[in-house]
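Two complexes are shown next, each including subunit A; its partner changes from subunit B in the first to subunit C in the second.
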Partner chain A sequence: MKIRVETNDHTARIDATGLRYRELNTVLKEIVSDGIRKVAVHGVCGQRYLGTGLGRPAEIELFGTPGNDLGAFMDGPRIIVHGNAQDGCGNTMNSGEIIIHGHAGDIAGLSARGGKIFIREDVGYRAGIHMKEYQDKKPVVVVGGTAQDFLGEYMAGGILILLGLNLNDGEYHKAKFIGTGMHGGVIYLKGNVNEYQLGKEVGIAPLEDSDRQVLQKFTGEFAAHFGYEAEELLRHEFIKLYPRWLRPYGKLYAY
Partner chain B sequence: MKTYLPAKFMVERDPERCIQCQVCVNQCTFDVHRHDPDQEMVRSGEENCVGCHRCAIFCPTRALAIKRNPLDYRENYNWRPEVIEDIIKQAETGGVLLTGMGDDKSQRIYWDHLLLNASQVTNPSIDPLREPMELVTYLGQKPERVEVERHSLSLKTKIAPQVKLEVPVMFSAMSYGAVSLNVHESLARAAAEAGTLWNTGEGGLHPSLYKYGGNTIVQVASGRFGVHSEYLDAARVIEIKIGQGAKPGIGGHLPGEKVSAEVSMTRMIPQWTDALSPAPQHDIYSIEDLAQLVYALKEATDYAKPVSVKIAAVHNSAAIASGMVRAGADIIVLDGLRGATGAAPKVIRDNVGIPIELALASVDSRLMQEGMRNRASIVVSGGIRNSGDLAKAIALGADAVYIGTAALVALGCTLCQQCHTGKCAWGICTTDLALTKRVNPDIGARRLANLLRGWSLELKDILGGMGVNAVESLRGNRLHLRGVGLTDTELEILGVRMAGS
Partner chain C sequence: MKDIGQVHNPYQDDKVIDACSLFGAMNTSGRRFSGEDITRAIANMHDRSNGLGGGFAIYGLYPEYADLYAFHIMYLSQEGKTQTEAFLKTKFSIAYDEQMPIRTAARVASPPLIWRYFMDASHHKPEDRSEEDYAIDCVMEINTRLEGAFVFSSGKNMGVFKGVGYPEEIADYFCLERYQGYLWTAHGRFPTNTPGWWGGAHPFGILDWTVVHNGEISSYGINRRYLEQFGYQCTMQTDTEVIAYAIDLLVRKHGLPVEIAARVLAAPLWDDIERLPAGEQELLRTLRQVYGSLLLNGPFTVIIAHQGEMIGLTDRIRLRPLTVGTKGDMLYLSSEESAIRLVCPDVGKTWIPVGGEPVVGRLGAPLQPESVAASGSDATLLEEGQ
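Presenting the complex of A and B:
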């Protein structure tokens, strides 16, 4: 099959219609390693692993619906999705950015060590599960809407922000088991949750000045990506969820 | 609380021989020996002794003997001392019993019930001292058939990535954090010297060991510790760890005490924090999901290296293995009941999983029946003790074996099962820098390479005795095996005939 690629200086346009992920990724890897810095891919339809294995920084705009594991193991590129993302976006990401103009499926940001994921709408189950942080690396996931159960499960680091923009005034997030097994990192939620929605390892605290600074920075970026007013996003009260113990399983064993 | 636990061992010090040099005091990490400054004497308090022999081996005058404590309970086949003492420990702590190394219970060891064949009269045996004997093994997916260009005789079929092993024995996954950096370096250097592979386990690859990447299997497990693009690029093989024989279905907790500066750097987590590996991989809830991760890793490394998938041998391993092959695994690893660990709940270690011999035979048979045995290599681990076990594993269908415990024994381990305490007196299963230097990588690599050389020579002897000159001829050739003391069902699962038949 002839793959339609138009290149122009440092930008390229790919028509992904009918391409399998391996073909599409091969083209992406080739043109990025040839020095193309901006790629627009049209007609994306379920192709997996887009952005995986791209060894250089580049900006990839995807039009359509990319498949699972978008940006898995990604190290550097920026991906903008004009559509929804499926499961596992940002899986074990090291650095880079994923900006989704729509919803994302389950396990967004699974085991990410760095990078940022901005999701304009809602996110599925187990978002931010087992995110970590290391030295200057700190993954950030900002969700415009709300999330399903097990948000931030097993979280060991990083920042998860739920802006709850599609909740009515006073409406609670519906996710349960939030932060189950959490032993690092922080979750900021707009609005409130009931005690029973939280994992037993999670504590609730009001925001301090340092939290507000963090929140301001990343909601500012979110607002810039999706055309919101940052002040408007921060108008409501936020709460902070934190791990009550850094070693939740320290007292489990007999020696 | 006063403990009701009796001492396990007695330490006998021969006063005639002891020169009060305090080597035992310095070597023991369990505070058994101490120097009494008032009386200028070394004394021993045996209640902490774990029977690791470090003091006895290093005593310059051989003044120490470690013996089992003769304090006997009334005989009881059901309520054995271990059972009683486990209850005492739990009554005193209220916790999960932790242990190290592999299952030490008396489940049947099938290797000991399998016997190898040799040539007599009707076909000649081969003397490997004078004739070439091939142990080279290639791991990876094999094509169904090969096509050759008619004139140039070059290969038309595209061959999937293969890994060449000079000897079909590799070092199994032991993470940096569970074992020390010096152990990793010993394994890496021995693997490089012997032309085989070692495995990082799930704790990342220390920067100083990237130069051994061509002999390295890197693991991607549920915690994804230290997994990043350079790590994947450095490796010869990438292994997805689903499970481990010592603790099928269980995750891992590396306690914060073991996360030193160097471990932190390699795992890419903050120092002194717990490293929790969840029980499942959260992106794998099905065979289809496994395929997704297999191909994510292939995509990330341009399809240039084989991807291995490791599971613990459990009841339905054969069906799972079939799924693993369909999911695109180039190598499948089965870790049996006796597979070891740096720390596992004892009840899991000793009660969950199945013997590797049965799992291997059933997986090999199943893949044959489904006509896809060529699509993946089979590697087995969990209690391979010597070249006899190795030869039997190959005859049952394994392409290669992993050794973990045997490798650690080569480095000094005496199976005292205290890995989980981080106090290993032999400096193997610890990150305490004062202890880790007890393993010298120059000597460690030598001991490991020696072990592999010894097994290679023995395997060649075994093959020669059978009258075959390549390990390929033994692979999956169960006619070279006979069983003794096994039931019909056991023989049927093993695909082996009774000795004498």
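Presenting the complex of A and C:
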């Protein structure tokens, strides 16, 4: 199959119309390893695993709706989505960035071990499920809107920020089971939640200075990506959700 | 017979990552459209299924026979056909019958003989039995008692087309581009617990109810035993079958609104019920008590359809995906948003519904896009349903 790729210096343009995911990913890998640093892919429609296995830094702009597991195992590149993402974006990502000018489906950032995901609007179920961190590797997910249930489920590390920008003043998030099974990492949440919306492994704490610095950094990046005023985003109160136990089941089999 | 290994794992991957694919499209003004877009949409999710099942349901399909039962029957033997036709002649007046038109060049595995019958039941049914119950009795009789014959579509002015293959291959086999309907559902199958055979492909149906399903019904045994008490016999070897019978029982026989039936199949969690106003609590407790055996446990997304309605529903904690899109009087339900955008690039709005909340498209009724935000919604449906 002839694939339409136009290259110019270090940039390329691909027409992905009708391409299967294997074909599209193969082309991306080839042109990035040939030294292309900026790729615009048009006509994206459900192709999975985009951005996986690209061994070098590159900026990939996607126009359309990328398929599941966008940026799976990604190590370095930056992906910008002009549209919505489907399920599993950032699956087990190691480093790099995914910036979504729209909403994301379920399990955004699942098992991520590094890198950043910025989502302008809402996320579906189980965003940040089982994210983890180790030494300098710390994944970050920033969501501009609100989330559905099981936000941060089984979270083992990393930072989840929920800005609630589409909530009215005083409106509550509707997600339930927030942080169920959480045993590491932190969730910063703007907008109200009731106690019953939280998993039983989660505690609520006010922000400390170190928390504010973290928030400032990543909401600043979010604001820059999507054209917000950073200070405006930080004007309202945040709460911090943290795991009450780092090993909730540590004694389950100790008798 | 195709080499199944070549079909479902052409690259010899260590692990084949599949799921089922669902797609539904409805024109709520009743305008009929062909199967081309539906086939393109479900084919766009090709990698979710593995070539062991594909199928379609079409509503508004047989306007020239709108008052007659349209039975689609698969025969595994000539003997089955002879016996079944003898049986049908005693139970119905057959207005017209023919072999299902097929494209013999299509790539499908071991197709059975498929025949369709347009039949009148009104002069044959006993006085104390409704026409619908009588039709179900006949379907159950054929499916359980006659060897090698399976009725897989039994409604009026609608039809199910299904078999072993990728959905786009099944569409090709049955020449679905030639048919018109105002409501289409489609399925690509990745069989998990039960065999990939022609009767096991989705949609499953009874009368004009059909169901396409992604997930697993862990409560199948309980649901099945409960439904057997009402004369429904499970013969298709697949969990999804119970959903078709359950919805027929709840909505047609027991007269529940679809929104309430959804509360039976995907009952709110007890903790959520306790936080509701007293009246709603009582209703939901009663539903859980009366219909506990019809609770669908396990992960599922389903698109349920019958004449005039298309319903998307997921399990309460949304373990399988569903995306909704609307444009004008078109409603789309899909496992993946990309499939909607492929056939409707300027779709007005897409969103991810809340687990356990039905999304309902009704013939002649405007769509209700804003009430279910991606972020969740209150349990307001019951108030609307009352």
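Going forward, the second predicted complex is superposed on the first by the 253 of 255 C-alpha atoms of A that agree within 3 Å, B and C clash if a C-alpha of one lies under 4 Å from a C-alpha of the other, contacts with A are read in each partner's own complex, and residues count from 1 in each chain.
Rule of thumb we're sticking to: a residue touches a chain if its C-beta (ideal position, glycine included) is under 8 Å from a C-beta of that chain, and two chains touch if they have at least 3 such contacts.
Only a predicted model underlies this, so the values are computations on that prediction, with no experimental measurement involved.
When the two complexes are overlaid on their common chain A, residue A:Arg48 makes contact with subunit B and with subunit C alike. In the superposition on chain A, A:Lys132 makes contact with subunit B only, not with subunit C. Shared-chain residue A:Gly184: touches subunit B; no touch with subunit C. Looking at the shared chain after the overlay, A:Thr65 reaches subunit C, while subunit B stays out of its contact range. Once the two complexes are overlaid on the shared chain, A:Asp122 sits against subunit C while remaining clear of subunit B. In the superposed pair of complexes, A:Tyr154 makes contact with subunit B only, with no contact to subunit C.
Contact with neither subunit B nor subunit C is seen for A:Thr219 once the two complexes are overlaid on the shared chain.
Between subunit B and subunit C, more residues of subunit A are touched by B.
In the superposition on chain A, contact is made by A:Tyr21 with both subunit B and subunit C. According to the touch criterion, the shared surface of subunit A, contacted by subunit B in one complex and subunit C in the other, consists of residues 21-22, 48, 68, 87.
If you check the complex, the residues on subunit A that touch subunit C are 21-22, 44-46, 48, 64-68, 84, 86-87, 103, 105-106, 121-122, 124-125, 145-150, 166, 173-177, 196.
Considering their complex, residues 11, 44-45, 47, 271-272, 275, 317-318, 321, 323, 336-339, 341-342, 350-352, 354-355, 373-378 of subunit C touch subunit A. Only residues 89-90, 92-98, 222-224, 227-229, 232, 253, 255-256, 264, 268-270, 273-274, 276, 278, 282-283, 292-293, 295-297, 299-302, 420-421 of subunit B touch subunit A when the two sit together in their complex.
Within the complex formed with subunit B, the residues of subunit A that make contact are 21-22, 25, 29, 48-49, 52-53, 55, 68-69, 72-73, 75, 87-88, 91-92, 94, 107, 110-111, 113, 126, 129-130, 132-134, 137, 153-154, 156-157, 181, 183-184, 246-247, 249-255.
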